[in-house]
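Two complexes are shown next, each including chain A; its partner changes from chain B in the first to chain C in the second.
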Partner chain A sequence: MAAQLPGSSRPAGGIYSGLGMPLIMPAWLCIGFFLLLPVAIMFVYSFLTKEFRGGVIWEFSTAAYDQFFFYRGLFGDEPRQLDWTYITIFARSIWQALVATILCFIIGFPTAWFIATRAGNSRSIWLFLITVPYWVNLLIRTISLKFLIRDQGPVNNWLISGGVIGEPIHMINTNFAVMLGLFYSYLPFMVLPIYASVERYNFALSEAAADLYSSRWTTLRYVVLPAVKPGIIAGCILVFVPSLGAFLAPDLLGGAKNFMIGSLIEEQFKGNAGNWPFGAAASMILLSLVLCVLIFYARAQTRENP
Partner chain B sequence: MRNFVKTVAAVALVTATLPVQAEGKLSLYHWFEYIPQELLDKFSKEHDVEVTMDTFDSNESMLASLKAGKLGLYDISVPGDYMVEIMAGEGLLDTFESSELSNFGNIDPQWLDVGFDPGRKSSIPYQIGTTGFMVNRDEYKGDIDSLSIIFDPPEELRGHINVLDSQGEVIALASLYLDIPQCSSDRDQLKQLNDLLQTSKQHWSSFGSDIAKDVLVSGDAKAGMIYNGFGAKARGENASLEYAYPKEGYVFWMDNAVLLKDAPNRANALKFLDFLLEPENAAAITNYAQYISGVSGAMALASDEVKQAPELNPPAGQPGAFIATCDQQVQTVYDTIWTNLKK
Partner chain C sequence: MRKQLDQRYFPGFLPIACLCLFLLYAPLIIVMVYSFNDSTSITSWQGFSLRWYKDVFFGVEAAKFKSAAANSFVIAIAAATVATFIATLAATGMLRAGAFKGRSLSFALINLPIMVPEIVTAVATLIFFSAIGLTPGYLTILIAHIVFCIPFAYLPIAARMQGIDGSFEQAALDLYATRFEAFRYVLLPLMAPGILSGYLLAFIISLDDFIITNFVKGAGIETLPTAIFGSVKRGIQPNIMAISTLLLVVSVVLVTLSWLVGRSGQRLENDQQ
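Then we have the complex of A and B:
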């Protein structure tokens, strides 16, 4: 799939010809050991029988997938019916990741555009400023955000002392706080790829469009956006995928009242539940969803640039 | 390449000539913030042993790690009461003879023959505490002696309550509130439990264990479930907080230092257990963690501030209950109830 990603379609260098296999071996070993092997273990575990209090019994079973899709009542002996519990948890996570991605795009695109249109020197300063907050650990940043938006926090205090509001706005432990957290955590992942695309954009194209009496909106829609699309898509994937599995923001800012995909899976391994096959099955379902999104993207790319 | 070889050789040489740091090793798997570093240093110095420690944040995550392959890496861990029983059942614990510990006699006699480890074959008491709740008295002035503060809260507290993100403690307290036995397999009672939690959840603002103190101190929560020692620390930072011993009962727990199976340094582990049973050292832990010690004579050496803390002194004649370990059938229903609660 890597061959279809933007910017990776360089011709193979002549001096490396014939050395293909040995040179690519380290990469394959890494992928095999750190990616394929763990996924294979997860796949196998998701079809095993759960052992009480964690662990697996080596007997084939589809109980984990069955539990994901069907509910049999509190005691497990009613006729089975479609269960929305886990589907709802997945839908909620996907929805929040989507909103975070859109927010990141709305703020990230103008930011990237702004930086890319500065003079060479100040450009690196702006980029530097974007990355500075991310030298701090994500956990610390998330907790700091919580301090900022709590009922007696600075944001509410400023708004009240400024006379904008009379009562503090309740933000902590709401969905708004979770989305804010996700947005803040992953913003640079949107800005940086878009910046890379905009930087390569030939501004003469915009001038040409203007010469042909194109309005600013039309230029943006039909000239700029198609040209920087690879950066936008890369940014969206980089924000969407980690937001899906995020659990820090939902736990710390959302009050952990509802499971997200990440915390649901964590609970299967670290909580009382101790249902490893179910945790593995939920991970496999998440993995398949993400893979579908990526394959869809890759196909869309090949159709446009055959 | 030649430079690389030289570097490797140099590193190997330096490593080989470095003085050996300690006679032996000891590897702990402990709760976060539960033992003062000075105490570990003291043990290190007294016995010339290099101590390393990894931490965990819940009994269940510790069990999961050990079962996932970490058994054999650690000598000592510190599970709660019910977890000692589970770990013994899973074959994760080694046993010792009382004669192997010279300070075995220092164990407070009332904690010698406990249900989860009769006769103390693999564990010694570490710290003892309770799980109840705290209320910000500036926000609510009424009676706080009932679990209804959490499960059917008064108007002032609704929407500002933090509960521990711990299935065992929430379900145990809910059972006490409903006056149904823990681990009851009675269908009506289990349904009652499920219904109660569903209704109560509307009044809760957050689930969190490690944040339990912070949300109360900062005012994000006006009431919240909390461990008593953690609560004493919270009161130190915000004097309007009061810990309650509800009349329906509360969770009573005891953490224990256990000898793990396949301990790589069994001899040092026994030395460390002996060390923990010295009243002076046990008192140092109590002063740090602010819970009651299960070692005879330790509380006499603890600081007055800790000894007199209202959180550590339950009202007479109002005993707490240990969390019970349920069988697989009931535990599966509990898991479903918990998922229902957080879906």
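Then we have the complex of A and C:
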């Protein structure tokens, strides 16, 4: 994505040379002081001792990370055993984010391709229609989905009155609902970067492949996909990363049984758990995962355009 | 064109694109329809009525939602204004100051709020405010919102600035304008559509935010999303669907506005060429 974003390409000369840093200073101060510094402090907090009902005691401790990976018995004095509780929550989150990403790709790629091959006006209208839902409040979209797939919701009602099923399908509070929610939340994120890539794709390459007796689908596989790969990777990251730390979809659609990272972290601060160092540690682990994904992406980008 | 020969055509892509639109819009449209339902239960349809809209404005919870809406809009206006100002300066620095040390780092920094998962930003901000002893309230919400609005304001502004040829400002300088005058009377008017677009997007982003607001708000202060979330936790009520519909309309109107502004900006650009 970085290579396609406005402002990332080579700097054009301008009349304000020498003023670059001063002009960006407000952004540096604002983001540096209220985001970078807080993340650093959060890192420190993850190594402090918890105070019950929120807050910390300023004493170094690795208890938070220890609690994440190991179980030491009810009173913390037994030999440590690998504890799968939180690792499972992270694994499930990664799995669900992956499935949502794949679903988004399956629907998103053909859509992006279709839009990019429309003529001028119809293209911009399609593009607009895809963008609008993204700007609609995510909370409202999630509530709408919840309303739709409830046991007594419209989907089940129609299926029953249509005679397709006898009993309502139980969808809410399942893993399926969470994946559907993530898919629904971030679908536009998949379409837009792929669209941007396909739009720049040189269709003469497809024509050439066809002239050489390549079938449509072979061309898609061996010519088109490699050419638009940067857009696909960008789309996948834009879906995967927010899905991983999502809070609304798992909380509203997944219920208590389908805990994801987002809910786990939230509970340490807003819920009953009240363990700030542990919440900070879980956030750090999530942030490291995301950083790994982004570094992988950046390296893939450099390999594409050295 | 004959489909057999057109390499842009793939069988099945049109239905999938339609399915994509359907999936995106169906839930929203159904909630809109059910917000006009004349029934206290959300399950059965009992005819058209505006009673839930009346309930939103004059019902038991009206005061709560009105103050939440007021908070939301005040914070969104303030956050979008500051973020747009910062983003405009940053875009000028990034695109009009040539190469300088720290430029690519600055680019990463401006986009950092998009890269960091929202829940992590929320946790970090909460801990930070608690560490420096700032009581949660309007100010904490506002600061947090300004930070994550900056990249969203920046993107359309930078995109627009990239499309404007630097020779306009150069010409202004040749005619003895100061650099500030070149900015104020040449670049800024040309930038207007991009800035408006950035402002509107920042406004919507601020209006929409739930997670970060939920973490940094004080006990007594609610914004619309946190108030709605609180209600939904007790089950979806019909009045929530009416509020959702209203908020949805606000978002759609703003996005459409931003889109039309962007298009008129593009047209202007085409006319210049």
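The rule is simple: the second predicted complex is superposed on the first by the 268 of 306 C-alpha atoms of A that agree within 3 Å, B and C clash if a C-alpha of one lies under 4 Å from a C-alpha of the other, contacts with A are read in each partner's own complex, and residues count from 1 in each chain.
Rule of thumb we're sticking to: contacts are C-beta pairs under 8 Å (C-beta built on N, C-alpha and C of every residue); 3 or more make two chains touch, one makes a residue touch a chain.
Please read these numbers as outputs of a predicted model, since none were measured by experiment.
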{"item": "Chain B versus chain C as contact partner of A:55, first or second or both or neither", "value": "both"}
{"item": "Partner chain in contact with A:300 - chain B first, chain C second, else both or neither", "value": "neither"}
{"item": "Chain touching more of chain A, residue-wise (chain B, chain C)", "value": "C"}
{"item": "First, second, both or neither for A:219, with chain B first and chain C second", "value": "second"}
{"item": "Touching partner for A:269 - first (chain B), second (chain C), both, neither", "value": "both"}
{"item": "Touching partner for A:87 - first (chain B), second (chain C), both, neither", "value": "neither"}
{"item": "Touching partner for A:152 - first (chain B), second (chain C), both, neither", "value": "both"}
{"item": "Which superposed partner A:257 touches (first chain B, second chain C, both, neither)", "value": "first"}
{"item": "Those residues of chain A which chain B touches in one complex and chain C touches in the other", "value": "55, 152, 252, 269-270"}
{"item": "Partner chain A, residues of chain C touching it in the complex", "value": "5, 7-10, 12-14, 16-17, 19-21, 23-28, 30-31, 34, 42-43, 85-87, 89-104, 106-107, 109-113, 115-121, 123-128, 130-131, 143-144, 146-147, 150, 154-155, 158-159, 161-162, 166, 169-170, 173, 179, 182-183, 201, 204, 207-208, 210-211, 214-215, 225, 228-229, 232, 236, 240-241, 244, 247-248, 251-252, 254-256, 259, 263"}
{"item": "Chain B-touching residues of chain A, taken from the complex the two chains share", "value": "52-55, 74-76, 85-86, 88-89, 150-152, 172-173, 251-252, 255-259, 269-275"}
{"item": "Interface residues, chain A side, partner chain C - complex", "value": "2, 5-9, 11-24, 26-28, 30-32, 34-39, 41-42, 45, 55, 107-108, 110-111, 113-115, 117, 124, 126, 128-133, 135-141, 143-148, 152-154, 157, 184, 187-188, 191, 203, 206-207, 209-210, 216, 219-220, 241-242, 244-245, 247-248, 252, 261-262, 265-266, 269-270, 276, 279-280, 283, 286-287, 290, 294"}
{"item": "Residues of chain B that touch chain A when the two form their complex", "value": "58, 60-61, 63-64, 67-68, 86, 90, 162, 165, 167-168, 187, 190-191, 194, 201, 204-208, 211, 218-220, 328, 331-340, 342-343"}
